Amino acid sequence: MRRFYAILVAAGLVYMLFMFLGTIVPYGKADVADRVSAHFLAKDVNSISPTKWVEGDKQVPHSERVYGRKGFEDGSANVVTSIVVNYRSFDTLGEVTVLFASAVGVGLILGGTRRMKYGRKPNFILRVSTGILLPLIILFGIYIFVHGHLTPGGGFPGGTIIAAAVLLLYLSNEEFSLNMIVSKSLEGSMGSLYVIFGLIGLAAGGAFLFNFLPNGVVGSLFSAGVVPLVYMTIGLKVGSELSGVVAEIHEEREG
Amino acid sequence: MISLLIAIPLLLAFVSVMWKRLAKPLFFLAAVTNMTVLLASWFPNSVEIHVMGSWKPPFGINLVFDNASFYAALVVNFFFFLVSLMPNLVESYGVSLMLLMAAANGFVLTGDLFNSFVFMEIMTITAVTVASRRENFYNAFKYLILGGIAGSIYLLATIFAYTATGSLNMAHVSMATISASSLVAITTLYAIGLGVEAKLFPLNGWVSGVYGGNDLAPVILGTSVSFAALYMVGRLFGTVFHGSGAGVLYTLALITIIIGEVAALRQQNLLKAFAYSSVAQAGVVVAMISKGTSRAMGLAYFHLTNDAVAKFVIFLVAGFLVYNYKNLNGVFKKHKVLGASFSMATFSLVGFPLFAGFQSKLRIIMELFSMKDYLFPAVMLLATLIEVGYVVRWNVKLWFEEETDEKADNPIVAGTLALILSLLLVAVFIKPEIFLGGAMKMGNALADTKDYIHGVLSVVKGGM
Amino acid sequence: MALSTLLISLLVTSVVIYFISKVSWRAGAILNFLIGVFLISYVFALHIGVTSNLGTLFGQKLQLTWTHASYYFSAVSLLVIVSVMLFAIKWLDSQKYPAAFNMFILMMTAGSLGVFMAADLITLYIFWEIAVLSSMLIVPMGKKESRKAAVIYAVMSASGTYMYLYGAFLAFQRYGTLNISEIARHMVSDPSTGIKAAIFLLLASAGIAKSGIFPLHTWLRIAHGNAPDAFSAVLSGQLVKLGSYVLMITVAAIPSLRVFGNIPFYSGIPATNYFLIALGATSIIIGTLMAIKQDDMKMLIAFSSVANGGYILIGIGTMDPMGFEGGVLHVFNHAIAAAVIFMAFASVVYRTHTKKISELGGLIHKMPITFLAYLFAIISLAGIPPMSGFISKWMIYQALVRKGMFITAFIAFFGSIGSFLYVFRPLAGVFLGQLPKKYKDVKEVPPVMWIPMMTLVVISLVIGIWPFPVLQPIEGMRMDYGIAPTMRIADSSHWLIKGFSGSWNPVLVFNLFIIGFVIAYILYTMFPRPKKVDLLAPHKEEGAPINIYTGGEYIYTPELYHYNTKFYAGFERMYEKHPSWEKVLEMLAKFFHDLGEWVHGWFFRPSPSAYTFWVSLTILIVFWVRW
Amino acid sequence: MSALIWLAGGIMIAAAIFAVEARKILDAVIAMSALSLVSVFLFIAMRAPDVAITEASVGAGLVTAVLLVTLFRMRGGDDK
Amino acid sequence: MVYIISIILVGIGVYGLMTQKNLFKHLISLSIIDTAVNIFIVATGYVNGGKAPIYTKNFPSFAIGRFVDPLPQALVLTAIVIGVGTLAVGASLLVRVKEKHSSIDVENMKGVGE
């Protein structure tokens, strides 16, 4: 009976959302020109008059060559990155805070824990291969967040990959225990650094999270102003944070 | 300046995770800083925005600082400040509270739909953390699940708004022409998404467990966070959607009032009883907001402020009692000051004269009559009647029943705060302008969509 | 001192009194009494028509005015309160919370005075709530049951109050004012009978709840029966009169005859008034019948308050000049009588620590002054000359008969006869009969306690002989409200109260009564004196009485032998299986409680699954309703 | 392309139903992980490489890891 | 059609939340809903024939219809991380629920009063 009602309600919900679909653009027909993202793509937000834009006068974005040139308001080739870390950097600060909050939460909820025993020896191959793989994995993670403004990826996946390396360590080595002080300090300092970037922006450009570094050539490694720096802090922070979370859940309460 | 309200607690939270011992003083510091920042920019009386990364709206994210968000932020930070004065309540939750504070401030100040979603999620996660105190895990988990669902629905609503208008900026969304059917989708989803934090029936199942589970959660979630959530209800349904979807809110809110009071009546746990009462009061506020006029909204927030102050006292005292005594009969004979403040706060809740609740309740009823709404006052008076029942029952129980031998030390700081706040309630009765002026300004700001749009979108470069 | 200053300073003083009482409660009590005496003198010195502003609320002026009605009701209230305050100076040493008692009783005084002075509905409401709140906090200071009593009292009172509030705002919304006389003026010209009737009944319901009229009467038994003993005197003698005052405001200050002139029901009385009269009549029946049944002496008088509230309502409800004056005069009579009776009981309880009639007896020799006070009070309550109670009842009967309301008149007569029955029961049970052994050392209460009782008795007696000081303000009230303004009922120059079918000379009646009394006393002394026999004496020492055999039954406990047990058994048997309104209200309370249980079980207890279910269902309902 | 998307969708729905209804929680977690992996394909199909990478590492990798560690920590008490 | 897939996934997630008695399943269902919503969001930004919003040598300049909408993708990045945060807190809560109530099955939990 319970299932029947559940199916009924779930079906009703699906039907309702299906009805709602009629109100949004069909799949694949999204008109970027109507949306703010057109100007994120064209990197010409500063040259648009917002009052006119909101009143329905959709100015056509310029279509000059972006890649490999300099002087744009935002310097990263990956537009998603430029939105995440520049145009909507505040969201990303929030996002970092979410992870931080959940790390703090996990710590508080699982407070006072010690390491858990699987009761089995990790096999030899795993241990050896971990030793070889670990530097590579960490390097890969770092690569991902350093090149976040050029290629897909960024701080979050990069940090996660670093955390994955830590998890691997846990799995392979019975005795391994993350140095919480180091990870916490890294986490805290990197988080503070992000806010401090924002505050420097406030001091330098009059706006919180203002991009206070020159943008450089779109497409090159040292470009996009603070974006790579922010992504690096995010990457390190997420890495240490998620490692911490994994470590916390991994360990067991005393007694 | 305004971004500091979010940046400072956030920064201090990041710092304090490195030095755990500093968390409590830093929390206090953050609260003091925020209060200072707010007091320095007393009622802007215009719509100021602070653009993030200097990307002007509607492209970037902007914080909106007008009378409404100022007042909301003031109330929110005020309670955080009060909590920060009580270190034994904060314990090891300093970092979480700082994050909650940053998130609540962000939620109140932001002018961007998606950004508000992010802050709502931070609020949910930190609130769950706070709620899990004193091993209240299952209830916290329930809250998490409900919060997760609500978050998803809120996100969906945001996306619908984005596809309909091409922007996430609240001011832009409010001025864009949205087709009727699209508007229905958006407001329905928002009503449900906000309903969880705004404690609307039947999305409020978490309230009793979370508020009743420990002594810190109700004190901060029942005051600051619920104020922030209800502020967002006013912002979205008053400013952004010009009252469409108000009918849904109105109906749900009326049911909420009755359900909340009825559930409170049978409750044997002191904290939970008043948790339900907080549900009912949220219902009153939402129903009032759904009326849509600036006066109605102003009164709604006036009522909410009174309720929040009263609830702070009640939950503070109740939390102390519940976790220090096994048998609550006649405990106030040992804690006269706590008892007096508790009684005053509960009487204010009911709306007895001499206390602030009277001012707001009667004003609300009067306003409703002048709008020719005869149902809501009747519901409200019926709810008040039930409220009288359990408020008197609890007061009589706590004051007059035979006491036991248990004894706990008087909490000096909490007692002083409770007494000051309950005297504040009396002061508000005598001089309602203390809260009413701000609340009315808030109502005006929320109802004045034009001003909001103008303020947000015509400013090319925002100030600090 | 302006009226508003007086009230506010009283409220502030009450808090000061608390702290004084913390140091020495007796000082607080004496101070209270002195304040009360000052208030009485103040009240008598005030000129009719004084107004004062309390401030502004919601853009409406809060006004206080001093009218004949305020004067009359304030004076009666203060008489009762001050007596109790004096009584309390000694009585409080048997109480657990003297300081709080002192504070709240003064606060309650301020509240009541404010109610009587209020010129608009909101001011009335504010002070009303202050009075209710502070009295509600005194009630649970009694024995264990009094905690529950306080809750029931609060809820019942609030149910009336909130209906009143709804009515007040309805009136405000329609007429744009809260001033009572303005509203009255507007209502006369308002064509919509439905809304007028709604406002009328909603406003009246506060009075109905407070003065214990039928559907909301049940709290009287519990609250009056369980409140601290001396405070019951205030509850029954004074607070209930707040209800009568509101009823009077709604029926008379809003000229119901003219407002509802288009819906006459019976001999010129509008249907709305008649509805109230019917409620009053029901209260008389219920109050009388239930009072006869009670074993607890305080509950007995509580039910008598229900009945007497009915008299007052009937008298006022007729809007006949005679009935109106009778009803209002009955306020005074019942206030004094009830106050004295409760104080007498408080004295008895103070000495014997029980309020069960069946455990008492024979106290006449031990507490003669208390007995005398009680005796005169019940004479007044039962409406026997020469006490003042007779006059008011006589006036009410006059009005009823003149209006041809025979059923109501019959009920009123019935209530009068019933009141002989029930007031006699405590008299016989508590003061006459056998004195239980354990009370053989009981002494009369100290003078501080009997002086207030005797003062009130004397006042009642004097008013019974010379009622014109009380009738004067009542006449003034009647003129204010324009009820037959040309007619004069109290004619002090001819020592007459003029009715429609003859007049009444109280002095003459008193003299006749004295003559009768003297004759009776002579007869009494001529017959041989009864001898006191200690019936249970030989067996008492061994414990339970044995071998006592009366009327074909073994007596197992002395209580059963107490002749007050099943005093009116034959009569009670006639309505043994009566439907109980109390049960109905209990069921209602239980319904809400069960509803809470149900709501909790369905919406608040469940697992996350159920939450999801409700959330989804709500979305769907919202979705469907919207299209 | 569209057929592929339908296929992916079918797999995802199947995985979701399996994840919800599976008796063993371990299976549910793995189905959940599979769902995430297939959704990575969808993200790529929708030209969202950033999301795809994040989902692959966070959604499929980390979430699974967290859930699995949690599951081990509870020592499969309810793992029936 | 991606819309439809994601909506059905939401439905399954809700169904799972409603029917399952194991709290772990609730977490999984919630995660399914998260994923479904993310897919939905990305789908709203898709443009037929559009490219990934990254400037490369081959696509060095902007043109209408050339790139898919990057904003929903940016939002989803955030949403995914938020989902993980929620999940981690939920998982740790479950660990403690299991410790305290000795089960994570709604029907077998001990000591869950009221």
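By written order: A, B, C, D and E. Residues from 1 in each chain.
In this text, a residue touches a chain if its C-beta (ideal position, glycine included) is under 8 Å from a C-beta of that chain, and two chains touch if they have at least 3 such contacts.
What you see is a predicted model; the values in this text were computed from it and never measured.
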item: Contact-graph distance - origin chain D, target chain E; value: 1
item: Labels of chains that are neighbours to chain A and to chain E; value: B, C, D
item: Middle chain, criterion being Cα centroid separation; value: B
item: B-C or C-E - the one linked by more C-beta pairs in contact; value: B-C
item: Geometric centre distance via CA averages, chain B-chain A, whole Å; value: 30
item: Rounded Å distance, chain A centre to chain C centre (Cα mean); value: 73
item: Cα-centroid distance, chain B relative to chain E, in whole angstrom; value: 28
item: Centre-of-Cα separation between chain D and chain A, whole angstrom; value: 20
item: Of all residues in chain B, the ones touching two or more other chains; value: 114, 118, 121, 125, 128-129, 132, 137, 141, 145, 149, 162-163, 168, 184, 208-209
item: Sequence positions of chain C contacting 2 or more other chains; value: 607-608, 612-613, 616-617, 619, 623
item: Contacts with 2+ other chains: residues of chain A; value: 5-6, 9-10, 13, 19, 24-25, 30, 35-36, 40, 78, 80, 88, 91, 94-95, 98, 101-102, 105, 109, 152, 154, 156, 245, 249
item: Pairs of chains, among all present, that meet the touch criterion; value: A-B, A-C, A-D, A-E, B-C, B-E, C-E, D-E
item: Residues of chain C touching chain B in the complex; value: 11, 57-58, 122, 125-127, 129-130, 133, 136-137, 140-141, 146-147, 150-151, 154-155, 158-159, 162-163, 165-166, 169-170, 172-173, 592-593, 595-597, 599-600, 603-604, 606-608, 610-612, 614-615, 617-619, 622-623, 625-627
item: Contacting residues of chain E [partner chain C, same complex]; value: 14, 17-21, 23, 26, 106, 114
item: List of chain D residues in touch with chain E within their complex; value: 2, 5-6, 8-9, 12-13, 16-17, 19-21, 25, 28-29, 32, 35-36, 39, 42-43, 46-51, 54-55, 58-59, 62-63, 66-67, 69-71, 73-74, 77-78
item: Contact set on chain C toward chain E in their complex; value: 605, 607-609, 612-613, 616
item: Complex contacts: residues of chain B adjacent to chain E; value: 114, 118, 121, 124-125, 128-129, 132, 135, 137-138, 140-141, 144-145, 147-149, 151-152, 155-156, 158-159, 162-163, 168, 208-209, 212, 269, 272
